[in-house]
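Structure provided below as structure tokens; questions to follow.
Per-chain residue numbering starts at 1, and chain names A, B, C, D and E are given in the order in which the chains are listed.
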């Protein structure tokens, strides 16, 4: 009996999480799928009514904007955070004197709730109040930085604030990864005459592939769920130019009492995630297996 | 010409652990320097310092006449094989080996030629597509070798590069290294604990102990004229017999008396020695003690000894006896018939003897 | 002992004090008040919490709800009936009919009104108007003329914050002003497609486009109170905003009439935004007693007076003395009575009084998209009709 | 000079006489790091200056200018005077709720995540990778979607509106991430260590506790930072699954900041936001110490 | 009594790589089994399979009479030293060593006593508080040894445990292991590439090649009667001379003809051999070729050979000559005077000769 227990302990350790995931993730996804086929309004109802919610969704210009923004925002946000996070981690890895302090400075934006930080960013980015006014005040009257109020550019300010908030965490993640690489191997590369940047690019970074997966998942999650960020910074505006699926969904579900619609947008969102994440997961987990 | 490597007054500490103490070593171009010493004496640390992988605490290192004390490893133009292999885990064997060349912009064709060449030498042709994690210990070590061999540096540093290979492969590899040394006139610093490797490869041996250089010399100097008791004891396997004895001047020669269990002391006469103190330690290698009749020469002197233990070892048989209060080993032919507890006449070749002062351990002759 | 857990989104400063008054009265009547404030998004966050609480079978006793949302919740079958209290207290006699209708679900009372905010206010900096020799406008043409003049003088004519609810607020006052109360009802309450696509609606969007020109470039995302501050500072002349803006002026020590002016936006009618509390179906006699007590107190005259003094709005009851209130409030109250009689006392769509969430949201989407782009008015009208149809 | 130091004080490292280029590089490095630090600090600067301005100054002056006459009153108010509903006791009373919510949730989800990661990375059994993939995908479920069914589940489980209920939610939806972090860290640790420990007679848990946990400090830091931030700063779950009296500090912060029709006090808002973030900052500073270099070096030949 | 370890029909593949092929080995209690074979032949893999650290592809493993094929490592009651050390990086040396005892609930006092004991044996007393990262290669290896030695298991598995030690320490450690073997009557499986270690420690040697067992036998069987060319060539250093020759029956004896460069073939007579095919390969170890006059015996036969190369190596001098088309090495005394290019009379000890079939490589006598 104890032997059985012992042999199965690893599986048993994983089992509760697995069951929880089945219920609280996949069960709920199924529930959402179901609700997306109903005319649920304020509260969920369960009479199936076909694909009407999806028709409505695809007819809505606001959803088009939100959906398109997801790719602009997601792509830029993930890309910039990765590159910046990695770059900062590498720079911080050079035996910096005040590493602890700098690390905390880079990381602290994570600590601040966007509810308020959004206001600060709003002021900084506002052409009349913030950077633009300041630089113009220094005697560069042609300086212009008005993305926040430009419907075509506003989404990039969301990227900017998003990167500001999350890149520090990605940096920490990469730093942890960098520090798990065996020092002897780095020494070997140094003697081999490999320039430092090549040591990073060809030896250290490839051995951190799993850490990249972590960073990617975290960032993708943040990108897809970016909500506070948009609400606090632009409120989705100008107009609904910076709407994202998450804000769309929230608006539908909770401001507008249109849960069926929210559910259908959630399903589309998850389908997108599925299409992007699954191939990545597949390649990543396969490589590790051989 | 300036020496290719000039280490002077080198000091190295890890915190409070003082690992290398005032090391002074020069090697010329084409020298093959072998570093030997007991485990933990600082051999790897010394290589690391030469490579610039560990900051040094004092002294200086010149390579090819340039002061390299503060130059980064990648600019020192050295190749190194690590004791712990340190292969790049994510790269295939082939990439591990060619990576250095690729970075240096060596063209593809040369890379492949060199790779093929080295892979053949190291007998790892079939493994080129594997990852280090899929290799056996010896295979990893050979890949690590390969990484150094494809380079053409000013100086090679090898840290026990053959320790995980079987005897046969080791002999082959040894001769590959020897060839390399000759054909490229390479300068090499080599750490090994294999005496045969040390003796056959080196042009110069450095014996280290606790971070202090004990002796620097050619293999035969080290083997035949150890500078002190430590070197005498350390080099050679089985070790040199170090037998406490009494010396007394006898004209221009010396009379030597060695205590023997249950019998009168053995008396030997060394015509070449003189001016020895009364108490000495006499060093004689096992192969210089032979079965009576099997060794001829003017300095060979015989004595009866009580056999303590007999250990056959393939090609040889070792016979142990107690003399002067310590165990003395003689290396005899495999077919020697000796039995513990019996008396046996052994021949001591005094032409090969070393004398040491018991207190300081320094050589006297 | 009456118990009440009250979910509301009045959390800061004057608002909180106003609710505090209610809590004190509740306590002095022997009740225990559990406060469950959730601010944010004009009540969105509170509604989110409410849904979760209802689904988990743990609904709060009383919830700040307003407009059609009350009926929506009623349809989900989770509201309690408080007709007993309402009839005993004679609510029907003291509440304007339009407002009373919001409190009823299929004939029975299910919510208690607290206050009336007027939405169609236009605020102005007295000094700026005087310096430029401008009167408070009474028609949109006057407004446009005044704005042009101000613009020439280098003053921002209209302080505005580019958040969609602010856009919607301006929009509905324009609809009311240009189309009149009937058109407003037709378009924004009944969602009559003809009204939505009418020429009047095109004019409304034209006016919106004109007003976009009166707003400074950096309006996007600006909080309403920063816009108010612009008026206070003299940076801008006008702001169109509900009567909570008055709180900002007063807090800055400004005097109505001398430092700042208040007037209804051009045109007839009165757009109201009524806060109210709905009672949820709960178990336990103490909680039900709490609901009754709460309903009684909320609509009681003393609470209505104190509360609205703090909040800047006016009482929902028409029989409360306004002596202690300021001039703007008095004006508001007079207009309400007049409008009630004229049938032009109308619910604000921008503040969720006129329409259900989905429809109101659909309209706002179009309004804000139009305001923040160079969409033509014709396109906007067409999109408006489509969006409304799609949201049904 | 160098020689003198070397012979007389061998224990002291020779100060490397770095070349010109290296010194310059070093400077550039510090300048780049410094510029980024400035960028990260900019909003904090705005928040800090705003938090010590008077409302009057905020209304009239430039929002990102230095304060003319500083006041600490907004801080005092945010901490103990601001209204978050009918109570006007500031953030103080809500802190404790958040602490008793966050600390156990962070610990539990980190421990479970570490165990899960350890199983998936080092005790690979058939299907482990599929389970992992399933858990990962779970990271992407939008929280807005889970809100309603979760509310129902919590109701059924009888922990609706309680702190344990809220903890449960945070743990469930934190698991995907903590598992991800640990699994991806542990796959880089050589499996020989597990082998050696197995031969030493250590079982599953023993190996985990004695060998893996001590190796995991950097990733524990990452996981704790992540979870603590997520849980401490969470608003949606906090507001939905708490009831009066169990509301976390973010709900209070939100209540202070998000008045709809009341007067906005930006200075108090900013002060409150910074105060609310202090515990998280503290965690970053304290946990950050455990980013130590090169733990595995010297254990296993690669 | 059942064998303590019984491996039968063991198969092991890594994906497509078939590493171990049908291994059948038994060892009895107190046996000291040494596994030898070229690098990459599967020795470490076999140890891993015995320990239960790698799932096996086929066959079964019994330890102490119990079927352990599917039992987890910690229940197999084994101790193991890994080729790659696998020290716990975050634990001090002392904790690395005592960890196994602690896990098994050994009381504190015993733990400390054993630790002190082992630390003394391994000469690592001063290192007990260090982390593995602060140790030299040899020190790490000794710690890895220590981890096994403190245990008292049914079976010890050692994977090249002394490869990073210097000769002297190695000899000492070898005798410690020998003592351990005797005093505890421990059963041991030991991988080494050091021939002397194999010969002196083993009671039984298994020679592996490419995952196939070549020969199982006592050290002297393996050394003196190699089962095939591979074993003959592999064991012994320098390797056995394998000289192509022609055999012709000559009464009950055999006449053997070996080609020689620039002269008539050497003719030898083996009175003991018979029934050999015409083409054979004659195997003779270097130490069985002596200087004329230095080896006596009835089967010793002399012949003149041309010296190709002379390699002095401390205790011995190796002389190479070309016979039968291959290089033949003779191990002579250190003081032998031989010069390349000169003729020299060598004595071949035909009493020690092995004959092999050239095609299959199997032993003929």
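Note that contacts are C-beta pairs under 8 Å (C-beta built on N, C-alpha and C of every residue); 3 or more make two chains touch, one makes a residue touch a chain.
Just so we're clear, the structure is a prediction, and the values are computed from it rather than from any experiment.
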Via touching chains, chain C connects to chain E in a minimum step count of 2
Ranking A-C and C-D by C-beta pairs in contact puts on top C-D
Outermost chain relative to chain E, judged by CA means, is C
Whole-angstrom distance, CA centroid of chain B to CA centroid of chain D, is 55
The distance between the C-alpha centres of chain A and chain D, rounded to whole Å, is 15
Chain centres from averaged Cα atoms put chain B and chain C apart, in whole Å, by 93
By the touch definition above, chain D meets two or more other chains at residues 147-148, 150, 203, 235, 254, 257-258, 294-298, 301-302
Multi-chain touching residues of chain E, meaning two or more other chains, are 72, 83-84, 134-135
Contacts with two or more other chains occur in chain C at residues 41, 45, 48, 51, 54-55, 223
Within the complex, chain E is touched by chain D residues 190, 192-193, 195-203, 206, 210-211, 214-215, 294-301
Chain C residues touching chain A in their complex are 41, 44-45, 47-48, 51, 54-55, 69, 72-73, 75-76, 162-164, 216-223, 356-358, 360-361, 365, 368-373, 383, 386-387, 390-391
Note: in the complex, chain B contacts chain E through residues 14, 17, 36-40, 42-45, 83-84, 127, 134-139, 141-142, 159-160, 163-171, 193-196, 199-200, 219-220, 223, 233-234, 236-239, 285-287, 294, 297, 311-316, 331, 334-335
Given the complex, residues on chain A that touch chain C span 41-43, 56, 59-62, 119, 122, 126-129, 146, 148-149, 151, 154, 231, 233-241, 250-258, 261
Residue positions on chain B within touch of chain A in the complex are 48, 51-53, 72-80, 82, 84, 86-91, 99-100, 103-104, 144, 147, 151, 157
